[in-house]
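So that you can tell them apart, the chains are marked A, B and C in the order they are listed, and the count of residues begins at 1 in each.
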Amino acid sequence: MRTTLRTRRAAIALAAVGALALSGCGDDGGSEDKPGDGKDTGAAQTVELPKLDGQTLEVSGVWSGPEEKNFRKVLEEFEKRTGATVNYLSTGDNTATVLGTRIEGGKPPNVSFLPQVGVLHQFAERGWVKPLGKEAQAQLDKNFSKGWKDLGAYEGKQYGVYAKAANKSLIWYNTEGFEAAGITEPPADWKSFIETAQTLSDAGWPAVSIGGQDGWTLTDWFENIYLSQAGPEKYDQLAKHEIKWTDPSVKEALTTLAELWGKDDLIQGGADGALRTEFPKSVTNTFSGDSPAAMVFEGDFVAANINADTDAKLGEDADVFKFPAVGDESPVVSAGDVATVLKDGEASQAMITWLASKDAAEIWVNQGGILSPNKSVDMAKYKDKITREIAQALLDAGDDFRFDMSDQAPAAFGGTKGQGMWKGLQDFLKNPGDVEGLQQQLESAAAKAYKG
Amino acid sequence: MSESSAASEFSGPTEPKAPAEAKAGPVTAPSADGTGGRPRPSLAARIASRSGGGVLRVFLILMALLWLTPTLGLLASSFRDPGEMTESGWWTVFTEPSQFTSELYSTLLGNDTITDALVNTIWITVPSTVLVVVFGAMAGYAFAWMDFKGRDWWFVAVVGLLVVPIQIALIPLARLFGDIGVFGSIVGPILFHVGFGLPFAVFLLRNFFAEIPRELLEAARLDGAGEVRLFFTVVMPLAGPALASLAIFQFLWVWNDLLVALIFTDTSSQPLTVALTRETRAFSQNIETLAPGAFLSLVIPLAVFFAFQRQFVSGVMAGAVK
Amino acid sequence: MSTPAVSAGAAGPAGVPPAKPRKSVLGTKPGVVVLFLLPALIMLGALVVYPIGYSVWRSLYDETGDGFVGLGNYGDVFTDDATFTALKNTAIWVAIAPALVTGLGLIFAVLTERVRWQTAFKLIIFMPMAISMLAAGIIFRLVYEADPDQGVANAVVVGVHDTFVESTAYPKASAPNWSDMEGPRAKGPYTTKSTVSAGEPALLPLVGLPPDKVPGDPGPAKAAEAAGDKITGTVWLDFQKGGGGEKGVVDGKESALPGVKVEAVKDGEVVASATTGDDGTFALPKEADGAQLRLPASNFGAAYNGLDWLGPSLVTPAVIGAYAWMWAGFAMVLIAAGLAGVDRNLLEAARVDGANEWQVFRRVTVPLLAPVLVVVFVTLMINVMKIFDLVYIIAPEPVQDDANVLALQLYLVAFGPRADYGLGSAIAIVLFILVLPVMIINIRRLRKEGPR
């Protein structure tokens, strides 16, 4: 699960926080800061940070294990430059509980990564997140495109920095499977994608592995098809629930999706098997085992799972192509973790300034496994070619990418186990014939969730 | 504790039943219509009773296996090469012993987070156990042997608190602990476990103390012992077994807790259960952390259990059956 | 959370003020009473009673805590789908689990009475009591793993199944879309659209098996030759590794599929049948002339993969099974202790009177044990109403709402993305109210029994 599942759960978590926090938010943590006389250590530093000797900060994120190790590298450099001590809190699978009660207990982390736009808005509304200071804003203006900045803003104020992004419009494939089936060219559009899947299946390879036990992978399928087929305007409208889920464009997208989901022999283990497969398992099922699947869909973070859980080599045994164009163009659906200040003060502001800087982003991407929407990052810092290309694709999309729809939706609709989009698409995978029933189901769930 | 004494607790009535059965066998034979007609001796009944013994034994062995298998699976998994885990079942380890490796454990124990958490677990478990025993004993004694108005109703009220689901207290106590500044430290879970451990402690110990013969206390009283001295020099030593069983319960409860610690501790004060869940990503991918971790987390309670099984069982039975 | 403490506590019949209060040993000074009681009462008041009061108050407000909604949240408990499912499941749990566990405990206690190694047996059964819900949950995720190569439950089920049912020769083999055959993919049967005639060898290509993994590694297929008035033909795997070769033509490199049953069908009646040889060819007698050829489903169909333990229909029984595993020892030990107190003479008398063992058990032992059985049963009932961890850990995401119980729903509502602490508090109070009568009945009953 490396990134996303975590990400999702964190999202959930944070949604909880807002509501739980009944009393005022944490007190100003950094009030006793003494501005130090900054004597510089490094040579080519692109960001100025205050001296914070003797201070302690807490930064929370959803990462654990190797991802945590990578992120800690970023924090370590901050410690070196400022003299502060930084503790990292991994909120793990229980982010909601942890952050919700932490705010109740008056001890929120200084800086926390929120994984959903909707959560950021909820937070901002309740005054839980603090606006960025001047320095952080300067870094942000310098390094981020308007699209990413807007995603971190609410009602004209800038609250968040997208220090980490994900490109969720990728299909990873097992090169051995493609070779065995004699496929030389990755499919560029949906029709040839389905044909490719059929050929793979004829060759005895389960064509697609789907991690249907995690509802978010299924919503990502839909979002990519919808964005490409119905176009960005419709996508935005649907994300804001300005058009209904009973709209013909939704029907078209679902019908398209059923071309794949309706054929059990194209899905590894059939639909039933897919519903029993968690996202990470869908990756290992594609790149290891006796009878691996040929393709698996999900974002750049799949690379991390391939590296950690299989023996497959990226670029040799495993490769990637863009999500096929269903309409005129291939979709670019993205997601990201937004760093926010939960506890104002000099140290917190310094941290978020740091996270918005080119230096921090370069350290982080250099560890591998993440993309940065920070446009100042030197592409050479990405460790491998595949990630570099994915990162480039994300940057090239400029402001034309669209943020994960389920992340924009209210949590009850877009990010809850057993509810809303997650549940709806799981039901659809089980029963791909019932397009209209699903539309009704989604619309009534959406109507309930968006009204609040 | 000696092994035999431990065993005796589990072995129930020691009086052999076989003779009784043998005696009854030939005599009894229920009439086939089951209306309780006159008994007639029958060869069939005897054979049935013989072979019944065999069936019984097989059944019990099967049950024992059924009960052992899940734990065995976890143990076997924790000693396997992680690469094998997604390929084959844990039971293949017995036919292909080459899969055996202690690698997972050395990785796990080499992880500072886990070892620190192990220490935290002890720091949380020991004080909350001691406090519950002490406070519970004092209150239990008061309810058993002191006169005050509404004593029995107070006692019922305390026992009634046994049914409070702990989830109810998470948010209010988060606020409370935040206000008094113990949120995020080990003090939080300690207090929480003391609060929710006390109803049972008071209940168990009050029942135990009530069984102490009055004469014993009166005699001590006549010797001039004050209430406090009486409690510490006479009552507490007498209550050894009850205190021990309570302590074991509380120990196991706190040791195995996840939810409370998850909420009230932070990275530096987290116990083992929390550290494990935080190290964990999705289930299938992390069996290599989960299996040895879960086993590690249950080794100590099991050791405690086997060491003190007598007290544990008598604790379960306390009050229920006399 | 089910804890030994809580359950065992409730088990005690002595939770009753005896009718005649014991006199203090000496008139105790009020100061001393306060000294002894105060620590416990302060702790209980602050840590248990205060939260109850807070929750009652909080349950009257909406999710943010700002809007007073009166009893609205309590209405939601019964109208909200997910919460109502949880309520229903809790009812199922209460109806099944305590009786099941008490029954198991009774059976074990009675049966082991006369077994020499009963100590070892009881230890084994009782051991899970010392295991945390977390570890138990992990243990049972392993047990119920769907893949029969990993989950022991399915390994057994599949083992038994395969002993009685023969597996198919070519699971997953399909008739390709472009061929003359029709039928449900990967299942069969596949029937030719056209009819056969003698002198025109039939070509029955199949796909969907990896060419390098054909069972038995047969040699290349041979195109059948016409043989008088017999009907001949070839069944072969029409796919080469790498995708070469011409579709629908036996080109000498493609693998034969020996052992496939071929039926000739006229008007729905099987008129002849044959089995393919090592080179994939078959020959049917002349009766088959003009018939359609059918490859029956017995050739195909996926291998049996066991039960979907954690699927929507079995998940609650599966988790109850795990619960029984944990708690049977508790019931057994209590009942065994009760059994030890039963007057042997009564049993002997019954035996002498000619009762068989079953009658002794039902008419004498069980009535004598009734008090203990009730205590065990009631304790388990209280415990089961609060069940949380096991369901939370064992039930996978897509079925979590199918397996939901009240205590889990409380947690999800309050700490999940809904972050509705108002509703969460209401559920907590409902739970408390549901458990309370059981407790009161217990206390009443014990009061009636009076002091011993």
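We adopt the following convention: a contact is a pair of C-beta atoms (placed from the backbone, for glycine too) under 8 Å apart; a residue touches a chain by one contact, two chains touch by 3 or more.
If you're wondering where the values come from, they're calculated on a predicted model, not measured in any experiment.
**Student:** Report the chain ID whose CA centroid sits closest to the centroid of the full protein CA set.
**Tutor:** The most central chain here turns out to be C.
**Student:** What's the chain with its C-alpha centre farthest out from chain A?
**Tutor:** Chain centre farthest from chain A's centre: B.
**Student:** Using CA atom averages as chain centres, what separation in Å is found between chain A and chain C?
**Tutor:** Chain centres of chain A and chain C, defined by C-alpha means, are spaced 33 Å apart.
**Student:** Counting only Cα atoms for the centres, state how far chain B is from chain C in Å.
**Tutor:** Roughly 25 Å separates the two chain centres.
**Student:** Find the geometric centre of each of chain A and chain B from their Cα atoms only, then give the gap between the two centres in Å, rounded to an integer.
**Tutor:** That pair's centroid distance is 42 Å.
**Student:** Give the residues of chain A touching no fewer than two other chains, as numbers and ranges.
**Tutor:** Touching at least two other chains: 20, 94, 97, 100, 214, 278.
**Student:** Can you list the chain C residues in contact with two or more other chains?
**Tutor:** 411, 414-415, 421
**Student:** Could you tell me which residues belong to chain B and also touch two or more other chains?
**Tutor:** 86-87, 170-171, 277, 283
**Student:** Considering the complex alone, what residue numbers of chain C touch chain A?
**Tutor:** 63-65, 82, 146, 172, 174, 176-177, 185-186, 207-213, 239-244, 308, 310-311, 396-398, 400-401, 404, 411-412, 414-421
**Student:** For chain A, which residues are in contact with chain C within the complex?
**Tutor:** Listed in rising order, the residues of chain A that touch chain C are 11-13, 15-20, 22, 94, 96-97, 100, 126, 179-183, 198-199, 201-205, 212-215, 263-265, 272-273, 275-276, 278, 291, 411-412, 415-419, 422-423, 426.
**Student:** Going by the contact rule set out above, which residues of chain C touch chain B in the complex?
**Tutor:** 1, 3-6, 8-18, 21-30, 32-33, 35-37, 39-41, 43-44, 46-52, 54-55, 58, 108-109, 111-115, 118-135, 138-143, 148-152, 155, 325, 328, 330, 333-334, 336-341, 344, 347-348, 351-357, 359, 372, 375-376, 382, 386, 388-389, 407, 410-411, 414-415, 421, 424-425, 428-429, 431-432, 435-436, 438-439, 443, 452
**Student:** Within their complex, state which residues of chain A touch chain B.
**Tutor:** 1-2, 5-6, 20, 23, 58, 64-65, 87-90, 92-94, 97-98, 100-102, 104-107, 214, 278-281, 284, 288-290, 305, 308-309
**Student:** Name, in rising order, each residue of chain B that touches chain A in their complex.
**Tutor:** Within the complex, chain B touches chain A at residues 86-87, 170-171, 174-175, 177-179, 183-184, 262-264, 266-268, 277-285.
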